[in-house]
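When the chains are written out, they are named A, B, C, D and E in that same order, and each has its own residue count from 1.
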Amino acid sequence: MMLSESDITALLLTFKLAAVTTCILLVIGTPVAWWLARSRCRYKFIFEGLIALPLVLPPTVLGFYLLVMLGPNGPLGRLMEWFGGASLAFTFSGLVIGSVFYSMPFVIQPLQNAFAAIGTRPMEVAATLRASPFDRFFTVALPLAKHGFLTAAVLGFAHTIGEFGVVLMIGGNIPGETQVLSIAIYDHVEALEYSQAHWLSGGLLLLSFLMLMTVYALNGRLSWGRT
Amino acid sequence: MSIKATFRLSKKDFEFDVELCIPDRGVTAIFGPSGCGKTTLLRLMAGLERCSNGYLKVRDRVWQDSSEFIPSHKRAIGYVFQEASLFSHLNVAKNLEYGVKRVAIAEQKVSLDHAVALLGIGHLLNRNAHQLSGGEKQRVAIARALAVSPKVLLMDEPLSALDQTLKREIMPYLESLHDQLDIPIIYVSHSPDEVARLADHLVLLDAGKVRADGPIGSMLTRLDLPLAYGDDAAAVIDASVVVHDDHYGITYLDFSGGRFTVARNTLPLGRPVRLRVMARDVSLTLERQMGTSILNIFPAVVEELIIDDQPDVTVRLRVGSTLLLSRVTRKSASLLQLTPKQALYVQIKSVALLGGN
Amino acid sequence: SSEIRVAVASNFSETIKALSTRFEEQTGHRVVVVVGSTGKHYAQIKHGAPYDIFFAADKARPELLDEEGVAIPLSRFTYAVGQLVLWSPRKDFVDEGITVLHQGSFRYLALANPKLAPYGAAAKEILQSSGLWDDLRGRMVKGENIGQTFQFVQSGNAELGFVAYSQVKARIESMEGSAWVIPQSSYTPIEQQVVLLKDNRVARDFLAFVRSDKSKILIESFGYRSL
Amino acid sequence: MMLSESDITALLLTFKLAAVTTCILLVIGTPVAWWLARSRCRYKFIFEGLIALPLVLPPTVLGFYLLVMLGPNGPLGRLMEWFGGASLAFTFSGLVIGSVFYSMPFVIQPLQNAFAAIGTRPMEVAATLRASPFDRFFTVALPLAKHGFLTAAVLGFAHTIGEFGVVLMIGGNIPGETQVLSIAIYDHVEALEYSQAHWLSGGLLLLSFLMLMTVYALNGRLSWGRT
Amino acid sequence: MSIKATFRLSKKDFEFDVELCIPDRGVTAIFGPSGCGKTTLLRLMAGLERCSNGYLKVRDRVWQDSSEFIPSHKRAIGYVFQEASLFSHLNVAKNLEYGVKRVAIAEQKVSLDHAVALLGIGHLLNRNAHQLSGGEKQRVAIARALAVSPKVLLMDEPLSALDQTLKREIMPYLESLHDQLDIPIIYVSHSPDEVARLADHLVLLDAGKVRADGPIGSMLTRLDLPLAYGDDAAAVIDASVVVHDDHYGITYLDFSGGRFTVARNTLPLGRPVRLRVMARDVSLTLERQMGTSILNIFPAVVEELIIDDQPDVTVRLRVGSTLLLSRVTRKSASLLQLTPKQALYVQIKSVALLGGN
C-alpha cells in the first residue's frame, strides 16, 4: 500500500508547519519565559495563569473562536483587511497562528523552569567577566538551559504535529494548503480507509520516533553535567 | 587618587553601613569575622548588589552615585567569588577565554598563558568543571579573573581552598600584579598570615561597620585592636637589599633600625622588601647576647605595653623608626621590669621575607 | 482547465471522490475535495472559507445558508438520501425488525448524536416510536458523526448500532455480520442537500454532472437512494 | 443564559477526569522521570523518544487505535476479558486510561528536567545524613523539584481538560459517565448553539483561570530560592 | 582495632591507588597538595564513590569488600563537604534536624543544642541557606554532621572558610569530640597549622598515592618529607600539666626532656597536653644563656642535619626522648659548627598549647 500524492503533500506540510511553529514559539517564548523566571513582579502569577489557559479549551473550540476572530468579520480579520492584507483563515499563516497559540504553554513552561534552575550566580560571574546582559543571556543562560530548550522544542514540535482541532477549524482541510497529516489520517479513518490510515499513522510514528530518538541521543551525547 | 565608597544597606538581622577611602595602589585587605559583611562589601563594589544611596568612585571614575549606576559588566573589575563559580557548560579553556574575549586587545595586559602557567592549570584545560578538585576550580577562577586585565581586582577569600605550596606560589604573583599593572587589589581574607603578607592597607570590619583602617604597619601594631593579640600578631618592616653573602648563603637587609641577616635570596641589590616579624618570635634581653644562633639583635626602646591579668604581655617597641611587637610572658615582663621608654635589645629569631613592595 | 473546491460531509467522501474522478476525466477540470463535518463546514463557510460547493450531510445547514444569503439562490437540491441500518458485526444478532432491541441482550447500542447528525435523528425517531428511547438511554453510545458511530460498532465495543447503509453495503452483500435495513417509511428521510457557494461555470457544471442519471446510479451503488 | 443540567454534569465529570488523570500521571510519571534523569543507561534515549511519541498522533487517531485495542478483538480487550473484566470502552476508566496515555509526556518531561537540575550533591548530602534512597527521594528530590511538579501538574491537568479527540473516540458521550465538557462544548458548536457554547467556554476559561492563578500565586508565595 | 582501607580507581589523567591502616581513635589528617585525591579518598570511605575491588573495614565492621557494599546511609558517618552543601529547600533549623531525626535516640550522643551553641549559629536558625555568608554556611554544615552522632567523622577542609577566632573556638571542640565520643576523625586539610593542632596521625597523599603515614610526632620531624621544610615546619611534644603559678600567670608542663614554662592556662593538673614548637622558633646556643626573655631552654643533642646549597638548614634534635626541629641559617650552622651527636642548648622562643590529647 503506497501513500497517495496528497498524503505526501500533507506530510511535508505537517513538518513544515511544526518546524515553523516551533521556531516561532522558541523565539517568542524565550523572552517571556525569561521574564517569568526572573521577574519579582507581584502580579506575575496572572500571566502564568493566562499562558496555560489555551490548554483547557478543546482544540476545536479554540479553533472555532480563532476562526471567528480571524474571519472577515472578526476583529483580527478586520485589522488585517485594514492593513490591506487578506484574511488569515484558511491559509498556512492562519495555521501557524493557531498552532503557536495552542502550543505556547508547552514551550514556555519548560523554558521558564530551566531558566529558574540556573540561579543568579552564573549570570553574576558573566557580568564580572564583562558580558552585557544580552551577551550573558546568550552565552550563559541559553547554554545552561539547553535541556529546557530541548524539552520545549520536542513538546512544541510533537504537539504541533499531532495538532488537529485548531488546524481543522481555521485551516479547513484544503489539500496542499492546510491539510496536514493529522487531518489526512483522520479523514482516512472517517472514510473507513483503514489500511491507508494505518500506513500513514505507522509512517508518522516511525518518522517521529526516529527524529525524537536522534534528538535525545544527540542531547545525551553532548550532555556535560553530572546526571 | 583613591577609591571612595559609601554604602548603607540592611538585610534581615544585618545592618551594613560603611564609609571607606582606600588607596588606589597596592593591596587592601578586608579582614573580619565570619558574617561581618566582607562579601557584601565586595558585591556592592562590583555592582552585583545595589543599595539606593550609595557612592563609589574608583580613581577618577564614579561608578555609583545618586544619579548613576554603572552596571557590573562595564566596571573594569576582576572578581574571584568565595565559592567555586566556573561555568558548567564550558570546559576550563573556554571558561578562561570567556572574559578575555570581551576585553579590547589594547586593554589586555595580563596574558592568559601567563596566568595559566602561574596557577599550574595547564593540564586541566580540556576538563569540565565537575572533573576538577576544589582547589583546582578555585585556581581556574583566579586565572579567569586575572585574565580580564581588571583595573580593580576583588578577591573573596581566593586562596582558602589552596594548599600552602600553591598559596606561596600564587601570592608573589598577586604581589607583583599591582607593581606591573598598577591595579589595586581588594582582598577579603580571614588569614592574618595572608593579610600580613599581602596587604599594604587594612580595613577591619565588624558587624557591618568599619572598626578601623589604615596602613598595614601601624594597624598591626596598634594595641587597641585585636590584631596585636592573636597567635599571629606580627609587625611588618620595610627594608631593602644591601649585600648578598654567597659563602654563608646569607642576604643582608637594611631598615631604619639596623641591618637584618636573612637567608640568601635572589633579589637585586637595592630592592625594597617587606619583612614580617611575628610578636612571638621577638624576645627581649637586657644585654646583647653572644654565642647564639640568633643573628638579628637590635637595640630598641619600649613604647607601650599593657599589663593586665592576661598571662601574656604584648609590648610595642621602636627600633629606629620601625615599630615591632613582642609577646612575652608576664613573668618575663616582670623579671625584666619592662616599662615604657626602657632601652633593651630585641632578638628576632626568625623573619619572613614578604617580597617586593 | 480550472479547479473547484468542494466541501463534503465525511460520510459522502468516498462517493464524491468517485464522482469527481469521472468528472475530471470528462472535463479535465480539477475537483479538490475537502472532507469534514457538516457543522464545521457551515461555521467555516460563514467565516469565509474558500469553497465553491457544499455537500452537506443534512438538509438543515444548506437551508440556513440559503436563508442567510450565503449560498447562491436556487442552487440547493437533494443529492442523496441516506438509508439507516441497524447493524452488528455478529452473525445472527440482528434480524429483520426491532426485536433485538427489545430483548436487550447487549451492553451498548451505538448511534450518531441526534443533535448533530441526521442519521442520529432518524435513529432517535425509531427508538422513540418503538418506546425504547428512555429504556435504552444508559446503554446508548453516541458518535459525533455517523463515521465514528460505525467505528464503535465495527471495533466490537458496541454490539450493534444504527449506521448508514452506505457504510455497510459491501458487508451486507457479503453476508458479514447481521443487519436490518430499516424501511424508509418509519423515519423522516435523511435528505443530504448541496448548495452552490460561488457562482462559476465549472461548479455549475459539476452540480449538473452530479444530477445526471449516470451519477445517480453511481450514488445509489454506494448505498444511497436518490430522490 | 443558564447552563443546562447536563452541562453541569459534564463540568463536574471533566474536573474529576482531569484530577484523577493528573494524580495517576504524577504517580506513574515520577519514578519514570527519575529514572530518565538519573540513569546512565546507554539506550535511555529510546525510552525518551517513546514517551514523546503519543504526542505526534492526532488525538482522534490515537483514540481510534485505542478503541480498536480495547474492543473484544483487540489485545487489551482480550486481556480484560481474560481477567474477567468488562471492556473499558465507553467507561470512565477507559477515559482515564486514554487521557493518561495521551498526557504522559507533558508530565514526564518537566519532571525529568526538574530532577536533572537538582544534581547529585543534595542526594549525597542526604545519604551522609542517614536518609535511605527512598527517604531522600521524598525529602530532598521531591521538594527541590517542586517547580517541575507544578508545571507537570498544570500541563497534565489543563491538557486533560482540553482533551477531546481521545475522549470523543473511546468515550461514547454518555452523560454522567463519559460526556465531558470539551465534547459538550463541541456539540454546541456543531449544533450551531453558539450562545451555549460561548457560555460554557467562558465559564470553563474563567474557572480554569482562577484555578491556575491560585496555583501560581501559592507557588510564588511558597517559593524559597533566589529567582 | 583500626580502619583499614584499600582503594584503586582511575579517572581521566588521575590514578588513585591507596592502601591505608588508620588508627580508630583520634584525628587522622589527610594532607597533600590540591588535586592529590584527598576528597576522592573521603568519598570512597563514605561510599559516595564506588570502586570495584576496594576494601574498607571500620573497627570490626566491613563496609566494603568484594562481596559487600554498605550504602552511605547505613554507614555511621558524619561528612562535611568541601563546598557548602546545605539543603536549599530547608531553613537552617530544618537542615540541622534532618540528620538527627534519622538517628535512633539511643545513638544520639551529640546534642543539637550543643553543636548549635558551639558553632555560634543560634541566631541563624530561621534563615534560609541563601541568606547566609560563606562561613555561616560552613558552620551549619559542621553542626549538621556532628549532630548525627557519627562513628567516624569525615571532614573535607571544614574550617577553610572560617576566620581564626572561629577556628580556635571550634578546634578544641573537635579535639574533645574523640575523647568524649571515642570517634575517629578523618580530617582533610592543607593547613599545616590545623594539622599540627589536631592530628594524631598523618597521611601524606601525593598524586593519588600514600607518600607516607604515621603518628604526627615522627611524621613532622622526618627530614625526608617535605613537612620539615615549609615555613610552618614544627614538632609536637606530648607533655602534662604540673604546676600553675598564679603570681606570674604561668603554667609549668613536664615532658620527657624537661619542664616547659608557658602562659597560665586553666587545665587541671596532671592533664596531658600537646605542644607545638615551630622549627623557626627554636634557636640553638652552645652555652645556656642568662638574662633573656626566653624561659624555655633545654639541653639537646643534634640527631640529624642536612646541609646542602639551601640558605636554611633544618636540624633534628633530641631533647630527652622528644624530637624537635630547628631552622637556622647556614651561617649559624657553620658558626656553631653543628654536627650530629653534638650537645647544645635549644632556646624555644614560643610554644603553642594545642589542648588535651
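Following the convention adopted for this analysis, a contact is a pair of C-beta atoms (placed from the backbone, for glycine too) under 8 Å apart; a residue touches a chain by one contact, two chains touch by 3 or more.
None of these values were measured; they are calculated from a predicted model.
A.B. asks: Give me the set of chains touching chain B intersected with the set touching chain D.
C.D. replies: Shared contacts of chain B and chain D: A, E.
A.B. asks: What's the minimum number of touch steps needed to get from chain A to chain C?
C.D. replies: Minimal hop count between chain A and chain C: 1.
A.B. asks: From the centre of chain B, which other chain's Cα mean sits the farthest off?
C.D. replies: C
A.B. asks: Taking the mean of the C-alpha atoms as each chain's centre, how many Å separate chain D from chain E?
C.D. replies: Centre separation, chain D to chain E: 57 Å.
A.B. asks: If you average the CA atoms of chain C and of chain D, how far apart do the two points sit, in angstrom?
C.D. replies: 35
A.B. asks: Please tell me the distance, in whole Å, between the geometric centres of chain A and chain E computed from their C-alpha atoms.
C.D. replies: About 60 Å, centre to centre.
A.B. asks: Using mean C-alpha positions as chain centres, tell me how far chain B is from chain E in Å, no decimals.
C.D. replies: Chain centroid spacing, chain B to chain E, equals 26 Å.
A.B. asks: Could you check chain D for residues that touch two or more other chains and list them?
C.D. replies: Those would be 64, 183, 186, 189, 225-226.
A.B. asks: Do you know which chain E residues sit against two or more other chains?
C.D. replies: Residues 83 of chain E each touch two or more of the other chains.
A.B. asks: Any chance you could list the residues of chain C touching two or more other chains?
C.D. replies: 40, 43, 148, 151
A.B. asks: Please list, in label order, each pair of chains that touches.
C.D. replies: Touch list across chains, by label: A-B, A-C, A-D, B-E, C-D, D-E.
A.B. asks: Over in the complex, which chain A residues touch chain B? Could you list them?
C.D. replies: The touching residues are 121-122, 124-133, 135-136, 139-140, 143-144, 146, 224-226.
A.B. asks: Name, in rising order, each residue of chain B that touches chain A in their complex.
C.D. replies: Those residues of chain B that touch chain A are 46-48, 71-73, 77-79, 81, 83, 85, 87-90, 98-99, 102-103, 128, 130, 144-145, 148.
A.B. asks: Note which residues of chain C are touching chain D in the complex, please.
C.D. replies: So the residues of chain C in touch with chain D come to 37, 39-40, 42-43, 64, 107-108, 110, 113, 115-116, 138, 140-144, 148, 151-152, 155-158.
A.B. asks: Along chain D, where are the residues that touch chain A in the complex?
C.D. replies: Residues of chain D touching chain A: 37-40, 44-46, 48-50, 52-62, 64-65, 105-106, 109-110, 112-114, 116-117, 119-120, 147-148, 151, 154-155, 158-159, 161-165, 181-183, 185-186, 189, 197, 201, 204-205, 208-209, 212-213, 215-217, 219-220, 225-227.
A.B. asks: Enumerate the contact residues on chain B facing chain E in the complex.
C.D. replies: 11-13, 32-35, 38-39, 82-84, 123, 127, 131-136, 139, 156-157, 160-166, 168, 190-192, 230-232, 245, 248-251, 261-265, 280-281, 283-287, 289, 291-295, 309-312, 326-332, 334-336, 347, 349-350, 352
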